[in-house]
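Structure in structure tokens, see below.
Read from first to last, the chains carry the letters A, B, C, D, E and F; within each, the first residue is number 1.
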Amino acid sequence: MKFSILILEGPYHHEAGDSAYRFVEAALRKGHEIRGIFFYHDGVYNVTKLMEPPSDDRNIAKRWSEIGAKGIDIVVCIAAAKRRGITPEIIVPNTRISGLGQLLEMAVDSDRLVTFGD
Amino acid sequence: MKFSILILEGPYHHEAGDSAYRFVEAALRKGHEIRGIFFYHDGVYNVTKLMEPPSDDRNIAKRWSEIGAKGIDIVVCIAAAKRRGITPEIIVPNTRISGLGQLLEMAVDSDRLVTFGD
Amino acid sequence: MSDEEKVSKIMFVNRRAPHGSIYAYEGLEVKLIMGAFDQDLSAIFMDDAVLALKKGQDTSELGVKEFSATFRVLEDYGIEKIYVVEESLKERGLSVDELVIQPEVIPISKVAELMEQQDVLLSF
Amino acid sequence: MSDEEKVSKIMFVNRRAPHGSIYAYEGLEVKLIMGAFDQDLSAIFMDDAVLALKKGQDTSELGVKEFSATFRVLEDYGIEKIYVVEESLKERGLSVDELVIQPEVIPISKVAELMEQQDVLLSF
Amino acid sequence: MLHTVNKSPFIFRNFESCARVAKAEDPIMLYEDGVYAAMKGTSVEGLMKEMIAKHPVFAIRADVKARGIEEKILEGVKLCDYDCFVDLVTQHKIFAWL
Amino acid sequence: MLHTVNKSPFIFRNFESCARVAKAEDPIMLYEDGVYAAMKGTSVEGLMKEMIAKHPVFAIRADVKARGIEEKILEGVKLCDYDCFVDLVTQHKIFAWL
């Protein structure tokens, strides 16, 4: 089956990004397709490469970059990103900034849109 | 009277930063002293100079920078900032990154600590 | 309707109050953008989202954008079916004539059925 | 006690559950740092914060730090008075022996009085 | 002790927690989405009226106006600005029910 | 329709909203702080038992273990992992009560 994922909250602060990551992992493991992952609201903070968590903690941005490296389209909403200071220069590789139309395309082009947030 | 302000939530997403700003403005207008402003949790996102809100909207980071220019100590928690990707290179002028000890000093050194958050 | 031009039924399920958090405002941005595409769009306002539709909002003293008037143009943006939940209004002491638009008032018992008719549910 | 060495009465008022949000964890970081300074520190756990003290938390499958054990060292960090609100425990079906520490159990009616004795209230 | 509440009473239970803890005569400041608690005819009107009977209750006018509920505020709730908020903080210790 | 709830039922009213909307037989997935709703002996036990009687109720085991409440989960709540969550999403449309 074809899924898209919508993530609405920032990293570390809320568990949403962790839950979404585990969902994506399980879906891939079970042979499903992830059409795309879209970050909106504070979710845009998930992909800043400037984050430097304690060495014994997970690096949430790096994790998304690794998912992106598998060819999964990871899109950060440009309007939400601009007002929050997430620019093309500071996002991790294998992610991109684009418009809300991408969320619509993902939603329409998938069997399920699964939302994680606060 | 001497106040310190603690801000716990990010800009735009929650009204907390706006309320804190209006409180600070009113306190200064009434002749009170603001001993310091401390950003913790997602509050650290308030001071990124990379934010670029729509032209008809307020620039929250710039507003704090202007408050800092009046000589008010604005401190961003280093531990919270690091895991969220707020680095010394991207914070607005007149703000600084330091440790939680600064929050204690502000609290102890003020008549009131006023918290804004979610 | 050919497979290439598949029209999806998309419903915006709004549950948040305005101003205290950005959900209602950024949620409105999504509606306006998606309205530009040719899909079957609808919106439901329940829980605190009915407060976003309250008439007479004046944010000038807050220094933030007042966007409740924009709900009036949703229809022009292709969101023709708009519902508001009766119980949510009642709990907040509101009647539908106090709202900036006049959506169809439905009982909460009808919400699940409407949700089930959709291909995509978006909640802000 | 001279003015130069003023000791402040600081109380941490904890109200949040662990893991779903970072409040409980970052709130604990504050306690550990502040414990290094010579102040009169206390902590109260009410509402969902009593859940942060539940014994037997195992976050290995979540891949995040398990920090409930750290509450046991709060006393060593100078936070000697720790309270937990009876009603908050009861609403969550918990008894004090299910907690990683054994704070003083107080009724909610005593919370205001404790708050009033403080110079600073910090809530995470 | 000044108690501040900034959450919608319909979605969050912060207002209830505040109500259980605040001592009689303690002032209550409603701001941000917390001002919705001061509306007439809601499901929390009963609790709000009890609060008004026991406490001075304030609501930030800018937040009330932004939400279009100025004409629906319960009698006994005092609308005020940030100058008044600051004054209350000078007169009382403060706890924020976030 | 699969309904997901990720908020503590003691602080937020999302669980109540979900309960009012979900149709009989609709599965309910509790995760993150939402798993607290599945605990025995709480103030929401009555509502939770009604839910269990009308719906298949699941809770993410990793979240339950992280919170130390595995031995306190109400009878009738099925603990499951993310593979099971994914399976449920393939079988049902989904709505998240955020």
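Note that in this section contacts are C-beta pairs under 8 Å (C-beta built on N, C-alpha and C of every residue); 3 or more make two chains touch, one makes a residue touch a chain.
All of these numbers come straight from a predicted model, not from anything done at the bench.
Think of each touching pair as a link: the shortest run of links from subunit C to subunit D has 2 of them.
Common neighbours of subunit B and subunit D under the contact rule above are A, E. In summary, the pair subunit E and subunit F forms a contact in which both copies contribute largely the same residue numbers, shared numbers making up over half of all those used. Work out the mean CA point of subunit B and of subunit F, and you get 38 Å between them. Distance from the subunit B centre to the subunit C centre is 33 Å, each centre being the mean of its Cα atoms.
Inter-chain centre distance (subunit C to subunit F, centres taken as mean C-alpha positions): 26 Å. Multi-chain contact residues, meaning those touching two or more other chains, occur in subunit F at positions 6, 10-11, 13, 32-33, 62-63, 93-94, 96, 98. Within subunit A, contacts with two or more other chains are made by residues 8, 12-13, 15, 41, 57, 115, 118.
The multi-chain contact residues of subunit D, meaning those touching 2 or more other chains, are 19-22, 47, 62, 64, 121, 123. According to the touch criterion at the top of this document, the contacting chain pairs are A-B, A-C, A-D, A-F, B-C, B-D, B-E, C-E, C-F, D-E, D-F, E-F. Against subunit C, the residues of subunit B that register as touching in their complex are 12-15, 18, 56-58, 118.
Subunit E makes touch with subunit C in their complex at residues 6-8, 10-11, 32-33, 36, 39-43, 45, 61-63, 65-72. Here subunit D touches subunit F in the complex through residues 17-21, 47-48, 51, 54-62, 64, 66, 68, 90-93, going by the rule given at the top. Note for the complex: subunit C touches subunit A at residues 6, 8, 10, 22-23, 26, 29-30, 33-34, 36-37, 39, 119-124.
On the side of subunit F, the complex with subunit E involves touching residues 10-14.
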